Structure formats: C-alpha cells, structure tokens
Amino acid sequence: MSSLRSITLATLTKDIRLEWRSRDAINSMLFFSLLVVVIFSFSFDPNAEESREIAGGLIWVAFLFAAVVALNQTWARELRNQVLDAYRVSPAPANALFVAKALGNFILVTLLEAVMAPLFMIFYNLRALGPAWQLIPVAILGTWALVVNGTFFAAMSLRTRSREIMLPLLLFPISIPAVQSMVEATRIILAGDGSARFWIVLLLTYDVVFTTACLALFETILQAE
Amino acid sequence: MSAPEIPAAASIVTVSNLIKQFGRFVALRGVNAEFAGGKLYVILGDNGAGKTTFLRALAGLAQPTRGEVSILGKNPPEACRDVGYMAHPSLLYDEMSGLENLRYFARLYGIAGDSRCAQVIRLVRLDPELTRPVGQYSQGMRQRMSLARAILHDPGILFLDEPFSNVDVRSAGEMVELLTSMRDAGKTIFVVTHQASLLESVADEFVWMQAGQIVDRTAGRTQGSSRAGTE
Amino acid sequence: MKRAFPILAVLTALLLTYSTYQALVVAPTERTMGDVQRIFYYHVPSAWTAFLLFVVNLVASVIYLTRKSAKADAVALVSAEVGVVFCTVVLVTGPIWARPVWGIWWTWDLRLTLTLVLWLIYVSYLVLRRFSDSSQTPKLAAVLAIFGALDVPLVYFSIWFFRTQHPQPVIGGGGSLDPRMLHVLLINWLAFSCLAFVVCCWRYRLELLHREVEEMESLEALRGVTQ
C-alpha cells in the first residue's frame, strides 16, 4: 500500500527533523549513555577474563536503560499541543504511525549503541573470540526487540499517571526472554563458547511474535480515550 | 477537491442516546440530536457541561460508552475525510514552520504538493513564506494556522472547540469572517465557545448544554428570531 | 449462584482441612529430606493454580476485547489478583524449602524462574490497572494480558535452554513420585483450585458491587447538578 509507506516515511522524516531541531534531547541522551558506561566500568572491574563473561550482560543492561530514556522522549512530542489528535482525526492508518515511531526509535537507540559499544570495548579491552560478525544480527534483532515493545508500551503509558515510570515497569518483565537471549548470545560470541544459534533464533521468534502483536493491537490502544 | 454536495435540509450529523463515561464521571448523559447541513451551530454551556466531550465524540476522538454517532450516515472514524477538527491547543508542531506543519498533515490526507497548503494559509490571512516556527507565533496566529490545518482537506463538516480562546480581536474577527463564508458555501460548522458574542450575528442555531445533555436549541439572528447568545 | 456459594465455601473449607491433614500427617515422610519436604504439597499446587488463573485471565481479556463485556473485564481483574497471590506463595515456599534442604535460598530452575517472571508480568498488569484512568483501563489491561501470554512460551524456552547449558539444582528434585505422594499432591491441588474459585467468586461479586456503586454515585452527582 503506497499510501501506508508514504505516510510512514513522512512521519519518520518529520520526527527526524524535529529531533534534529531540538538537539538538546539527543545530546543529553548521548551524555547519559556515556555516563552509564563509565559507572558500570567503575562498578564492575574490567579484568580481561571475567569481563568477557559479564560484558554481554553489562552492555545490554546499559543499552536497556539508555533506550528507556529515548523511548519516553519520542511520544512526549505528540502530547504537546495535543498534536496526536490531529493524526487520529486524519484518515492515516494507526499502524503507519506505529512503524514510523518504532523505526525512529530504532535509529535513535542504534545511535546510542554506536556510541556506547566502542566505549565498552575500550574500557573492557574486549575482543571477540567467537565469530564477531554474529554480533551484528544479535544487535539488530535485540535492539528491535526492545524498541518494538518499548514504542508500544510508551504509547500505552501516555494514558496513565506516572508515565515515565510506567514504561520500564511494563517493558522490563515482558523483555526478559529477549534480554536473556541478547546477553547469552553476546557472551557466547565474545567468549567463543559454543554456538549462539539458539539464542539468535529465539530473538528472531520474539521479534516476529511481538511485531505482529504490536501491529495488530496498536490501533486499539491509540483509540483508547 | 470539493466538498460533497449535501442537501441543506438533510440531517448530516445524528446522535442517538450518546453516553460517555470516564470511570466515575459521566460526561455525556444520553444526548439525542439531529443537525442539518449547511448551518453554523454554536454550542454553549458552563464548564463541565460536556461540550468538549460532545465535540470529541462527534469528531471520532472519544468512543461512546453507549449510543451512536452518525456523520453522513457513517461512523465518525469512517467519515474522517469529511471532518475537520480544531481545539484550543494548536495541534501543531512548535518546532516547524506553518508550511512545514501543513505539508506533513497534507501527506496524511494524501494531498501532494505545496499549492493547497499555501492556498489555505493565505485563506486564514497568514504568509506561507513565514519560516518562523509555530511555537513563536502569537496565539491569534497560532489559532489561525490551526484552522488552516483543519480545513486543509476541504472537509464538509468542521468541529471547532474554543477557537477564539485568548485570541486578539482582529484575528478572531477574521476567523469569523472565514467561517461565515464557508457556511455560506454549504459547509456545516460546529463551534464550542464561551465567547458567543463573536458569532451572535452569524450563527444559525445556538445549542445549550448542561450536565451532559442538550437542554435547549434556539434559532440565531440569521433565522429571524432574536434570542441573543450569552457568555 | 448466590445460594450455592456458602455451601461451596463450606465444602472448600472441609476439603482444605482434609488435604492439609493428608499433606502433614498421612503422606509418607520423604527419605532424604524429611518432613520439610511436605512443603511440596503447597509449593507445586500453588504453582499449577496460579498458571490456571493466568489462563483464565488471558481468556477473559480476549473475550473483553472481542465482545466488550464488562463482566469479562471483572473476571480478568479478579483472576490476575488471585493469581498473583498464589504466585507469591510459590515464590515464598520455594526458598523456605530450598534453604534447609539444599543450603541455598534460591535457584534459577525452570519452575521458580518462570513463576518469578509471571509474577513480574502480572504485578505490572495490576499496576497498569491502578495507574490508568478508569475509562480505558480495561482495554489497555486486556492488551497487556495478551502480550504477557505471548511472552510465556518464549520465557519458558529461554529458561529451559539456559538450564540445559548451565544445570542447577531443581527444587523438588526430578525423578518419579511415590504414588501415595502423587495422590496427596492431587488432592491438595483440587483443594487449592476450589479455594481459588471461592475467593475469585467472592472478589468478583465485590468488584461488580463496587462498579454498581460507582455508577450510581456518578448518576447522583449529575442529578445534583441539574437540580
């Protein structure tokens, strides 16, 4: 459906333009990500052998916290001046909005990860003993897993009190299998300890299941008032 | 793109037993009404009477707890191409200019190109070339741009919630002029306002709401009878 | 239903008494663990009951979304609340059992971990219900329940696979069960299920009454305004 694609693209470019114009938000998120890496490095002494075991966990927990900060931000823009009403009143399909927001969040969180990952590698002297290329599908699938549900629950939280705490509260329990998969896969690849295939497949399954669920149910929660 | 041909006497907005509840609070208590096309309706009432909720239900933003709303014989969401909505918040992105805002909303309605956006901005007496972000506009300019957004897709029906709130006299006057000309061209307009005096001379009907119901409907001056709207 | 309820409550009380007697006195003492093992008759049936209640919650949530039935929403709320209670029992009895027997407070075995995650998901469900404005709560909660249910098999597989890679003691042990113990286990499960049912019915009635009162209050308030 070309109109679905064009609306999604229009919304995505609009969001990127708005994000670019209020650069403070991105800058503070980037700085926050840096802080998280530094604090983790102080708390978990990076000695070569042990660090490869726990690095998988550390990196993804750090990404998770940075992602939550980003996710809370992107819907907040639609609440100012009740702009979301303008979208809801238009014939534009709800799913186009969801996909655009999720893609925007994906780009933003990937940007944060691109800053944090090299820092982790430097501070922890990380080197992959297993097939390093496999880290790419893990990163992509894992980030999408966090972002797709994160975007959905952030939209849900718009209708609740204590919006900022509701998002992690809803997101973390449901993300447990995804986080476990990401962490295990990363640990296995870094330590060269066997095959990460099961975890990558589980991550893929998680992504497919929840992307479908989000697309099916987004309209329901958007129209809830 | 022209508005659909609507016979003026036919009822194009029908509400039957509309009830809207927000948990403990019942905002609309069984509203029944029919509204004919081609008229300007002014909805009045105290705060908490349910006016905003009523308008949102008509626009499809609030789903009825019970009862039905019918716009041109369809559900409000299905009638979205024929409906324009405007509220006291601007429904615009503060960081973008007026034209950029409208360009985006035009895409949502499948309108390509800038010409329609520029045309509509000129209709509300603003300059399409203005690059200043909307967040820096005065309230009058912002409400006019919001109105431009609402009429972008040339809807046959308009729902306006407090469009003149905090707006300077000149801007308000220009908006009223525009609304009047649109009504004369056959559009149906619903305005919720506390400033009925602005619309006294042009309203076709005054709709009085109280405690979640419509309690009275009086003809406006244009119909020849003389009950004046009050604050 | 109203007439049957007190009878059902009494029968449940009797059944619980009988099953407790069975668990604490009649069941044979376990060879290696001794009497502490009897907590098994509370730990496992609570887990099964909790899972059953969460299935009820899922079904009620789907019915709510497809039929908009307010009663289905009440059932969803009630089953989640009681389910969380039974989950808590599992999470508390687990460590109580593990400590004297295996010397550890906690183990990330399949049942305990799955129960913990379920507990987290349904507590977040209850928090959502409390924190959202009552008009859209049922819809949002039902959607969350579906997400939670979709998550469960994924959680199961991820823990299962992790455990095969990193084996750890399983609370309750593996292996076959003495048929007398199985018998007591099943009786306790029946008793717990009846208890869950009775409590749910009671809470359900309370919830319906609560909603009725709310509706009447709001109509009152509205009438007061028009006076």
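Note that the chains are named A, B and C in the order they appear, and that numbering of residues resets to 1 at the start of each chain.
What we mean here is this: contacts are C-beta pairs under 8 Å (C-beta built on N, C-alpha and C of every residue); 3 or more make two chains touch, one makes a residue touch a chain.
Remember, predicted model here, so these are calculated numbers, not experimental data.
When every chain is reduced to the mean of its CA atoms, the largest separation from subunit B belongs to C. Distances from each chain's CA mean to the overall CA mean are smallest for chain A. For the pair subunit B and subunit C, the distance between C-alpha centroids works out to 50 Å.
As a whole-number value, the distance joining the C-alpha centres of subunit A and subunit B reads 39 Å. The centroid of the Cα atoms in subunit A and the matching centroid in subunit C are 32 Å apart.
Residues of subunit A in contact with at least two other chains: 225. Within subunit C, the positions touching two or more other chains are listed as 133, 135.
By the touch criterion given at the top, residues 56, 59-63, 77, 80-81, 83-85, 87, 89-96, 100, 104-105, 107-110, 133, 149 of subunit B touch subunit A in their complex. By the touch criterion given at the top, residues 149, 156, 159-162, 166, 169-170, 172-174, 176-178, 180-181, 184, 194, 198-199, 202, 205-206, 209-210, 213, 217, 220-221, 224-225 of subunit A touch subunit C in their complex. The part of subunit B that touches subunit C in the complex is made up of residues 21-26, 29, 48, 65, 210-212. The part of subunit C that touches subunit B in the complex is made up of residues 133-135, 137, 214, 217-219, 221-222, 225-226. Against subunit A, the residues of subunit C that register as touching in their complex are 65, 117, 120-121, 123-124, 127-128, 131-133, 135-136, 139-140, 143-144, 146-148, 150-151, 154-155, 157-159, 161-162, 165.
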